[in-house]
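Okay, so subunit A shows up in both of these, paired with subunit B first and subunit C after.
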Partner chain A sequence: MSITSVTFILFLLVTVILYYLIPGKYRWLVLLASSMFFYMMSGISNGIYILITALSTFGSAIFMQKITDSQKRYFKENKESLTREDKAIIKKKNTSKRKTLLILTLILNFGILCVFKYSHFALEQFNNAISLFGAQPIEDTMKFIIPLGISFYTFQSMGYLADVYWNKIPAEKNFLKLLLFVSFFPQITQGPISSFEQLGKELFEEHKFTYKNYSWGIQRMMWGFFKKMVIADTLSPWVYDVFENYSQYSGITTLIGAFMYSVLIYADFSGYMDIVCGFCEVLGIKLTENFDRPYFSKSIAEYWRRWHISLGVWFKSYIYYPIAVSGWNKKLGKFSQKKLGKTFGKTVPASVALVVVWLTTGLWHGASMAYVAWGGVNGLFIILSLWLEPVYDKCKSKLKIKESATWFRAFQTIRTFILVTFIKVLPEVGTLSEGFGLWKNIFTSRIIPDSWQTLLPFVDNIYDDKSIRTIGVVIFGTLLIFITSMIQRKQPIRQFLGKFPLIVKIAVFVALFFLIVYFGIPASGNAGGFMYAQF
Partner chain B sequence: MEELLEILEEINPDIDYETATALIDDKMLDSFSIVSLVTEISDAFDIEISPKYLIPENFNSVQAMMKMIETIQDEE
Partner chain C sequence: MRNFKRAIAVTLACILCTGIVFTLIAEVYFSNSYYYYQDSETRKNYGGEIDFLICGSSHGLRAFSPEILDKELDCFSYNISGALMTMQGRYTLLKKEIERNPVKTVVVEVSYNALSRNRVKEGAEGDLYILARLDNMAERLGFFFSAMKLSEYDRVLYDTVNRGVQCIEWMTDGRKQVDTTVTKGYNKPQGIYDCTVSAETYEQKFHYTKFSETADEYNISYLNKIINICKEKNVRLIFVVTPISSSYEAEHSNTDIVMATVREIAKNADAEFYDFNLIKGKDQMFPADTAYFDISHLSASGAETFNREFARVITAAENGENTDDLFYSSYVEAQQYYNCIK
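Now for the complex of A and B:
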């Protein structure tokens, strides 16, 4: 069921009506029923995998909790007789049991994810390796239909399990509640990846209908539909035309295509988030935010703290920190400090963790060497900036550059946006060599555009006489995103709009509605679904 | 407390740690600083800081960090 379809809007409407019709404490059951319906619409057979994840996560967490509770009881009942050493032995034994449960469940669930997402990729790499020795490649006959949202719900469930393992939260005792947390339909296809501590509270709390939640939610949804249907879906065929045929285009045309891609992916992904966060707001549920004006970041590291925030938090909590503060890595850090000096040595544990995080992030986004390279390039920039920080500081001090100076901040922001754009397009063209080919074409293409049609050849191919109006809408839409982002620096955009008379607010949303109907609906027919849904 | 302040001063001397209450929320300490901090605190206080303690609330102020250190010491 497409999120920009009339069927989906009707489905949301029925969910909202049912949600507020039944008593507060049972409302989460409506969300569960809607989530199951939404999931089963993608194929009933796929439902088995999400059930395996929910069941294994639920069972494993309950067992872990039982071990913790019985240990607590035992310590309490034998408070007088147990020595510190006795307690340490019991704790060690129980931790080992809990760890076994955790590892087995992680293997099962990440195993399912890997089979679906990485089998073709693994076989391709294996064939490449054996072909070096002259062996015949194995034919790829595997046919998988990847279950909807598997990357998102697996990560969210395993995050919950790790939190129970670390005793951050108690295990959920109601399986249906955990199933809702795993399968909550607004976030199943593209996130956000939430923690149980945050989302669980929102899902199971009783929410009253308020006019403010309703109107703010609808406003946000409309803004999301505008971003997705008017901006992203209009840009999509143009951008992919450039990516697929870049060798026939000039460097400047390819460069424009790359920058348009940055606008497209932001409008697409953040548009989706606005739609689902807005819908949840109507229900009184606050979803984790995934964007914080990322293109205003001053470094690649900051950009990744502001783009797809929930994925970054997941990697930080469950991969980066556990590796960075692990015993062996701390030893490596101390060894490096002795051999390479204190300043550099201190960065080693974080750098090792970052290498793992970025290669995994690359693979999470796609099973191809292009995505691994994309992750690697992101990681490289972040690690280099960590290593070179003392050098930057010396340069800034010698050149008397003030970090807070407006021109310097603008320089950092523009530099980061350009870098991010170049890194982003790398895996989008197809193979890694095609990605590098696109980079090369930007700087070395000998084709010189001598007219508007050769500069922007893709425009006429698609919209003919409508092209000028459509370009106008894209430029207007991009500027609107920029202006709203500037306003958001100081206050939420809906709070800003709230200061205007009712007639202005109505005019804004009527205009948005007509833009969606007039430009968005035809453009949606030419574009595919949401880009992050493929992950 | 003084030992902890010394560690923090070494990581970033430009922050007034005694009054700061939102070191993480206000982005004064980032995840790189946290990793260095955890290594230094583990050595200085002879404790094992597991990833479960690496949440903003435990690092937003010197007081929160001291509380976390005491909790871990009690647990061990």
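Now for the complex of A and C:
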């Protein structure tokens, strides 16, 4: 069920009505039924995998909890007789049991994910390797249909399991509640990846209908539909035309294509988030925010703290920190400090963790070397900035540059945006070499566009009235995103809108509605689904 | 409760305002006739006069010229065919015209894909045109809810707004509306296509589909409704296949099987059936280099010949003459004859 279809909107409407008709205590059951319905619409067989994940996570967490509880009980009951050594032995034994459970469940679930997402990639790499020794490559006959949202629900459930393992939260005793947490339909296809601590509370708490939640939610959904259908879906065929034919286009056209991609992916992904967060707001549920005006970041590291926030938090919590504080990495840190000096050596454990995080982030986004390289480049920039921080500080103080100066902040923001754009397009063109080819074309193509048609060859009939209008609405929409982001620095945009009389708000609603109908519906038919759903 | 009431009130206000703007835009489209198919006013004005009706898809639209038929058959004809017209669309318009006119003859164009076309796969386009051919909002809403699927609602919304905006532009530009009183539903093609080229060229140039042998239940059910209404009103019913280029036709070996269903339906309905691809001397009547607008539609000159031939055949049939001799009995037979000549 496409999220921009009439059917989906009706499905949301029915869910909202049922949700508020049912007594508060049981409302989560409506969400569970809707989630199951939504999921099964993508194919009943897909349901098996999400059920395996939910069941294995539930069972594993319950066992872990039982071990912890019985240990606590045992310690309490034998408080007098147990020595510190006895307690340590029991703790070690129990931790080992819990660890085994955790590892087995992780292997099962990440195994399913890897089979679906990375089998072709693994076989390709294997064939590349054996071909070096002259062996015949194995034919790829695997045919998989990736279950809807597998990356998102696997990460979310494994995060929950790790939290139970670390005793951050108690295991959920109601399987249906855990199933809802794993399969909650607004976030199943593209996130946000939430923690049980945060989302569980929101899902199972009783929410009252409030006008503010309702109107703010609808406003946000409309804005999301506008971003997704009018901006992203219009830009999509243009951008991919540039990516496919960049070698025939001028450098400036290719550069325009690259910048359009930055706008496209933001409008697409944040548009989706606005739709689902807005819908949840109508229900009184607060979802984790995934964006915080990322293109206003002043460094790559900051950008990644503000873009796809929930994924970043997941990697930080479950990969970065465990690696950074692991015994072997600490030892490496001490060793590096001895050999490389205190300043540089101190950054080594963090750098090692960052390398792992960024290579896995790359792989998570796509099973290709281009995505691995994309992750690598992101990681490289972040590690380099970590290493060079003292050098930057010295330069700034020598040049008497004030960090707070407007011009300097603007320079940092523009620089980061350009860097981010160049990194983003790398895996999107196809192979890694094609990605580098696009970079090269931007700087080396000698074609000089002599008309609008040659500057923007991806627009059909550029002099046609509707084409001009479409270009106009895309520019207007992009500016609108920029302006709203500026306003959001000071206050939420809907709070700002709230100051206007109702008639103005209705006029904005009607205008957005017709812009979506006139520009968005044909564009969404051309562009297909959401880009992040592929992850 | 106060929260809830306020939410309902504001939602209704938004729906009302959106509805008003939509109605204004839609009304500009529906109440004018900037598109060739917007002939509801003309048909309304001709109400009580039409005694000869033709309905079909684009094949019928490009083939039947009421101007010629009126002269040849001494009748008052009207062509209600439309591009991508579905069987439901044909039935809807036909029923309407039969009810308000003294119709004596109905011609249903039944080309090779008339029964096999799949409404779900083909989409809403044909039915969208019908919406603009109905008389008033009530009729449009009735047809909308019966013909459109939920998943097509956004497409209808877009199409109506888009055409409304286009009409507003044309109005402000001072563009003239289409005078459908002269054409009486016939859409005269501008230009010709040389159909002596190979089938491969067709494939490259045109949307090329194989003739499907599976008749769609949806089409059959509406065709039966057309048959029933004609029987009820005692109207002469004629099924016609309009000519397509011989080389396109020769690409398919299953045409006889495809057309067998239509023949069977016509026979059971006591309707006449004429397949003008089987008319003897077709190649001379419809020269491949001038008679076609594209591979499966007649050009203006092709249509002129066709209308005269059609009039000759149905007049002969009406006079009790045997018309079977004018046609080959099957595509296989026709092909054998042409192969022989070659």
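Heads up, the rule we're going with is that the second predicted complex is superposed on the first by the 530 of 535 C-alpha atoms of A that agree within 3 Å, B and C clash if a C-alpha of one lies under 4 Å from a C-alpha of the other, contacts with A are read in each partner's own complex, and residues count from 1 in each chain.
Throughout what follows, contacts are C-beta pairs under 8 Å (C-beta built on N, C-alpha and C of every residue); 3 or more make two chains touch, one makes a residue touch a chain.
Nothing here was measured: the structure is a model prediction, and the numbers come from that model.
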- Message: Based on the shared subunit A superposition, would you classify subunit B and subunit C as clashing or fitting together?
- Response: fit
- Query: Between subunit B (first) and subunit C (second), which, if any, makes contact with A:Gln453: first, second, both or neither?
  - Reply: neither
- Task: Figure out whether A:Thr7 sits in contact with subunit B (first) or subunit C (second), or with both, or with neither.
- Result: second
- Please work out whether A:Tyr214 is in contact with subunit B alone, subunit C alone, both, or neither, and reply first, second, both or neither. second
- Three-chain overlay, vertex subunit A: subunit B-subunit C angle, C-alpha, nearest 10 degrees: 170
- Query: What is the contact status of A:Tyr320 with respect to subunit B (first) and subunit C (second): first, second, both, or neither?
  - Reply: first
- Using the touch definition from the top, say if A:Gly333 reaches subunit B (first), subunit C (second), both or neither. first
- Message: Quick check for you: in the superposed arrangement, does A:Trp166 touch first (subunit B), second (subunit C), both or neither?
- Response: first
- Would you check which partner chain A:Asn78 touches, where first means subunit B only, second means subunit C only, and both and neither mean what they say? neither
- What's the minimum Cα gap, in whole angstrom, linking subunit B and subunit C in the superposed view? 34
- Set intersection of subunit A contacts, subunit C complex versus subunit B complex: none
- Seen from subunit A, its contact residues with subunit B in the complex are 163, 166-168, 301, 316-318, 320-322, 324-325, 330, 333-334, 346-347, 349-350, 353, 386
- Item | Partner subunit A, residues of subunit C touching it in the complex | 2-4, 6-7, 10, 13-14, 17-18, 21, 150-151, 153-155, 157-158, 161-162, 165, 169
- Which bits of subunit A are touching subunit C when the two form their complex? 5-7, 10, 208-211, 214-215, 465, 502, 506-507, 509-510, 513-514, 517-518, 521-522, 525
- Spell out the part of subunit B that touches subunit A in their complex, as residue ranges. 30-32, 34-36, 38-39, 42, 49-52, 54-55
